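This report concerns only the one structure given below.
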Amino acid sequence: MNDTRRLEGEEARIDADRGPRLREHFGRVRAHTIDLVRPLSEEDCCVQSMPDASPAKWHLAHTTWFFETFVLEKYEPGFRPFMPAFRILFNSYYNGIGEKHPRPQRGMLTRPALYEVHLYRKRVNERMEAMFEKHGHEESFRLLVELGLHHEQQHQELILTDVKHLLSLNPLKPPYGGQEREPSAPAGALEWTGFDGGIAEVGHDGNDFCFDNELPRHRQYLQPYSLASRLVTNGDYLRFIEDGGYNRPELWLSEGWDWIRANALAQPLYWESTDAGWSEFTLAGQRRLDVERPLIHISYFEADAYARWADARLPTEAEWENAAAGQTLRQTADEAWQWTQSSYSPYPGFRSPEGALGEYNGKFMVNQYVLRGGSCATPAGHTRTTYRNFFPATARWQFSGIRLARDGSSSLLEKPVGASRRDAA
Amino acid sequence: MNDTRRLEGEEARIDADRGPRLREHFGRVRAHTIDLVRPLSEEDCCVQSMPDASPAKWHLAHTTWFFETFVLEKYEPGFRPFMPAFRILFNSYYNGIGEKHPRPQRGMLTRPALYEVHLYRKRVNERMEAMFEKHGHEESFRLLVELGLHHEQQHQELILTDVKHLLSLNPLKPPYGGQEREPSAPAGALEWTGFDGGIAEVGHDGNDFCFDNELPRHRQYLQPYSLASRLVTNGDYLRFIEDGGYNRPELWLSEGWDWIRANALAQPLYWESTDAGWSEFTLAGQRRLDVERPLIHISYFEADAYARWADARLPTEAEWENAAAGQTLRQTADEAWQWTQSSYSPYPGFRSPEGALGEYNGKFMVNQYVLRGGSCATPAGHTRTTYRNFFPATARWQFSGIRLARDGSSSLLEKPVGASRRDAA
Amino acid sequence: MNDTRRLEGEEARIDADRGPRLREHFGRVRAHTIDLVRPLSEEDCCVQSMPDASPAKWHLAHTTWFFETFVLEKYEPGFRPFMPAFRILFNSYYNGIGEKHPRPQRGMLTRPALYEVHLYRKRVNERMEAMFEKHGHEESFRLLVELGLHHEQQHQELILTDVKHLLSLNPLKPPYGGQEREPSAPAGALEWTGFDGGIAEVGHDGNDFCFDNELPRHRQYLQPYSLASRLVTNGDYLRFIEDGGYNRPELWLSEGWDWIRANALAQPLYWESTDAGWSEFTLAGQRRLDVERPLIHISYFEADAYARWADARLPTEAEWENAAAGQTLRQTADEAWQWTQSSYSPYPGFRSPEGALGEYNGKFMVNQYVLRGGSCATPAGHTRTTYRNFFPATARWQFSGIRLARDGSSSLLEKPVGASRRDAA
Amino acid sequence: MNDTRRLEGEEARIDADRGPRLREHFGRVRAHTIDLVRPLSEEDCCVQSMPDASPAKWHLAHTTWFFETFVLEKYEPGFRPFMPAFRILFNSYYNGIGEKHPRPQRGMLTRPALYEVHLYRKRVNERMEAMFEKHGHEESFRLLVELGLHHEQQHQELILTDVKHLLSLNPLKPPYGGQEREPSAPAGALEWTGFDGGIAEVGHDGNDFCFDNELPRHRQYLQPYSLASRLVTNGDYLRFIEDGGYNRPELWLSEGWDWIRANALAQPLYWESTDAGWSEFTLAGQRRLDVERPLIHISYFEADAYARWADARLPTEAEWENAAAGQTLRQTADEAWQWTQSSYSPYPGFRSPEGALGEYNGKFMVNQYVLRGGSCATPAGHTRTTYRNFFPATARWQFSGIRLARDGSSSLLEKPVGASRRDAA
């Protein structure tokens, strides 16, 4: 992700002492969201391309609604909402707050106009400033603000994934702007790093911010395993396609096979095969496929099938976290979210917070799979090695890719990827 | 319809001699389309509220595409399209022209921007002006231009119906502007006008413009019949609702009954029952229901059920046309399109024109019902007594209403509407 | 249809004097229904292949329910139903009678067992015999019995169409038995018969039985027209297929084109293209396609497209009836129901009977098209030249075919079918 | 489950020495399947009530197909299938074997007739007998036979679940026969049993039969936890319903809430609320709800919501297995399958067998949840403490129930179920 879309890592991290710098951080994060929609027209910001995606305008308003609802309403004496109707329009999924506008209808909201949403942001920012004056040193206030900023950063990434999806549906293939990713250096050979297993500690530790789903830190027992040193590239995945990967049921989970058949899927989202070779739609427009780049925009089903083809498997989230804590791996958080084979479920001892904020994470813990790391579209400083992203097995519009894993931690790993199983077939 | 939305009838009619005045008419009609979108934001113009409706921006572009494709391409030497991609994007349904953007995806076109579509209109208008210079007196040129202008007028009405539908889905219930209809005078008693029947001539006569589906003029044999002097009002329809109309299967066509049950329909589109009584969404925003006004926004199924409840029936299109030619009826073309019981089918001897324009009407002649007259949203001068509008039996977002008919032309008609059948039940 | 499936025409017709012979006729028709299910197992009789079709067991029970409900309940003092639950289970669509088992769930009724339904038939027959003793000479009784027998004959044909559909879904392609149709003699050249038009009388005349939808007899004005002397054959239709008929949008109604694309249709129902040529599934099992036989099992959309390809059109029902009354045409009622271009609608002055029997026909008069004639599966003596069969435009599992029509009554008809339009393309 | 449906546990277990007794066991298991369909008519055996369920006749044939395909084809010299078409018709989901009849169309197979399937079973049994003669002492043969018998036992339970679902759709509510479960003694108070956690061994151990998904045995780290001593009863669940359980979104996973709303679910499958109180459909017909019996026929979503309401949670499968290995719990395997919160996924080091049998379990390891234990419909001797059953979170037609779990292993567990959270609300 180039500079216009990413804050400097140095500045973005919340300072450990959480003093006045949280207030500055608030200003920077809020401003960055505005920066992200600058290349977009009012029309681009209004349309919803599918029920899973939201209009950029809706993201702008909802992130503001979050501060208004969870901070201002609590701290402002005589609180009055900017606009009562917005309480419903921009509630995403908090039943504890009350009614909400139906998700698939978010794109119908041509009113309020974009400028009104910008005004909403400005007014709420001003009121937040006043709250910083009064409560900026209170722990509970700071925790809510931090949560709101991490929440806003999640929506910053969604703005990019959702806009990319919208623009991809336009036959004109208009670019969002800039470059999606830096030109890649050669990926280099895929190597394996072994880990011994045993009892590992998993989950967030310390006093820095984390989401509730990263807690409590707890023990897990790991068998010896190995992880690939780098992510699977477009070129790697092309070999899978050329080897008939999408036509061999033995490589697929049964539900995945039915799904690719029913939807006639034969390549990653945004890839297109033309007479001139493979190209892909990017935030910078239609581009020739770069075989050295890490693969993105694949579903769990595709990731799993690729891994099986490669005589490997997806890592568990505990394996991933244990390895990332050591940090000998490349491309952990800056290229693509990495599908794990772990279903998204509560850690032992997990407790949702009381009240509506308890709906933030816990109620989604079914039929979703955990992704770890971070992507080229993730705001700098947003993720951690304990961070748990999650999507259904069919989701492809996120910047999701593959890091391979294998059982065992040593020499048997020399088997070449994708070769042996095919030879045996 | 108030002045900002309707041209003066005097000016709007195409002069019989079709001389330079066609060129002026071209300018007025094209300008009127622009007037219609003036109250709308770019966002309002971009969003598609359902597959049956189109964004206003799409209407603006498609009506221009029509002149570019069917006039400029034929008459301009060395013709080059304004933008090659628009040839596909703004083709509605002409297979003879080539590919077309899928109808349900029209709302994804955030690009071209609205201003680009305005530029497209301007440039095509300029090129049309040059064509008027060269070909303005040629019959075949004039016929195509007239067709294009009538086509544009059809889309003018659709802009209003589609925008109304879009705004109605917004919980803020924003008005489009102005007044939808003049405040009504008391509707007065419903009276019956008898017609003797016998052989009638049906279909367009003379040299003025008409659509292909109004031809050829031909004979039909009519039994004696009567038509209601005025349309059914909101107040009339309220009595049907209060009499359990939506809960009595014996009043409904079987398919209609299944349809209202499956969709939980119990009142016309845009009606809402509140503690303070009935209100309706209008182009002027949410309004208290005016019981004196002609009913609008009902499906064929509802029209048919109401007629059965009222011990009456819907007229055939031949009955309607035969009566309207005499013109003793009120509210023929300025309030609501009037459902007839006639399925939309070709007149005896009907022939579609050669080429892509043959797709204009003929290929829709199945599973649709004819509406006659015109509505408060129809541009003045657009319709004729022979004009055939048509929609599926479930369509409700058009300005569609009811004129009742009965068999026989005389005194037995004195039976009060809605009373006898109920008494017998 | 061979002898085991068809009563002798001589015997089947209801005698004009309607004396004791109605009672004999009752016995024969009821027995014939039993004959039709003789080749079927209990399993064959129980399964429902699609919501439009019903299990044979259900037909057996419903036709009995009809006599129980509309005759016995009216005439038997102290009437008690054979089994109260059957009142709901075997009500097809009469809201006036009360609740009904949902149509798509008819195949779930493994109980009552087939033998119980046979017993139901036997008991109701016995009670009907007693009613014949008491009321056999009363006009109103005889009218209800006649209606019930015509109703049963309609279901006799449906038993065959529905069983054929069920068996066709079985990869074993099991035959129902016998022969579906006699081996065909050469079809001979298609010739045209002209009719002058003018005022024609349409609808049933006289005192014999007819359904309410055939009344009242009334006048219609017809333009001069011609009808093909014979039906379209399989061989004729093969030429349409080979000429790209299913790939040329200009031949299709817009809704029909969308429908064949969405369902990937490229030949009539039951046709299969194999290396050894075309074959079709018949009641006698899988058979080589006989090119001389009249085409069956096509939708209205296909019939309409074929007619357009053949530079012809479908007849209106009035044209068909007017021609059939003269009877110079071949294959009017013994091969295939013949799609007309007429939407199924009430005749001028049509009135449904009072009560639940008023639901028999009238409530289906929307979005269906009239077929005239009769088929190889129609019981002898069941149809008339005024008989109106009707199905939606997508129905293909009926024995439905094509008789072509053209405008005008004379020499211009010499144009060869299917040639000119193609030449112009 | 009463005696007619369950083999004696003593006899049912496969003898450890696996000698001639496997052959006797083969005979008993195969005969038991026939016993299960004895109360059913041919019609009952043929109909498919939903895509998830299969007709009993299909189960009879498929379990035979399994022996024919995986044993006879391998061991019989010059193997010829009983009927080539059955190879496709009765293949469930083994892509490695070849084509298969579509699952939702299994109910269309009125042919082969039930007696032909019985003949198929008989002939394959005879051929199996011959194989026992030649190969009965070979380890690989015995392993395949054991797999086939365990496979058949799985289908024995499915025959009951599927027949129950079919009969429940019939308004006559016909009984399958016998008693579904013994009359219950009072359930007694729910008590908690604590477990210390630490490193536990999970997965099958030893040489007895197990499925591939129970392997390899491996270590997991468990936190201290407690399990309820008995299952949740109908009476317990009634309190949840009466406390508004189905109307309180805070108790539900988000996807579960949407699902119960969309399907208007407000009680377990087969429960019905009448004026006379709650009743339920059972294999013995419609019965008054027994509040002392363990709850059955609930989805994962309902199980999870109930647990949250009860201030508890579902156990993980490792917790369940660790506890069951000790066996201080009641109702582990004879009442209801017990939903765990564990997504169905491969054990560390899991490898599918080579060939088509590798499709038995592995390819379903996504979007399903593990159930442990066994039910009143499970054949005696079929399950183990390491046995992993699995179904999607929406499945309700299985005999599935709830055993509650809580964090920690000691005194804090005294909190009454269902009380505290409600008080706090």
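In this document, chain identifiers A, B, C and D correspond to the written order of the chains, with residue numbering beginning at 1 in each.
By our rule, a contact is a pair of C-beta atoms (placed from the backbone, for glycine too) under 8 Å apart; a residue touches a chain by one contact, two chains touch by 3 or more.
Owing to the predicted nature of the structure, the values given are computational and were not obtained by experimental measurement.
Chemist: Give me the step distance from chain B to chain D, shortest route via touching chains only.
Modeler: Each step joins two touching chains, and the minimum needed here is 2.
Chemist: Please name the chain that ends up farthest from chain B once chain centres are defined by their CA atoms averaged.
Modeler: Chain D.
Chemist: Cα centroid separation between chain A and chain D, in whole Å?
Modeler: 37
Chemist: So what's the Cα centroid distance for chain C and chain D, whole Å?
Modeler: Here chain C and chain D have centroids separated by 47 Å.
Chemist: Using mean CA coordinates as chain centres, what's the chain A-chain C distance in Å?
Modeler: Taking the mean C-alpha position of each chain, the two centres sit 59 Å apart.
Chemist: Which positions in chain B are in touch with at least two other chains?
Modeler: Where chain B is concerned, no single residue meets two or more other chains.
Chemist: Can you identify all of the chain pairs that touch?
Modeler: A-B, A-D, B-C, C-D
Chemist: Spell out the part of chain C that touches chain B in their complex, as residue ranges.
Modeler: Per the stated touch rule, the residues are 93, 95-96, 199, 218-223, 225, 249-250, 252-257, 300-301, 304, 313, 341-343, 345-346, 348-349, 358-359, 363-367, 393, 407.
Chemist: If you look only at chain C, which of its residues touch chain D in the complex?
Modeler: Interface residues on chain C, with respect to chain D: 41-47, 49, 85, 88-89, 101, 105, 107-114, 166-167, 169-172, 174.
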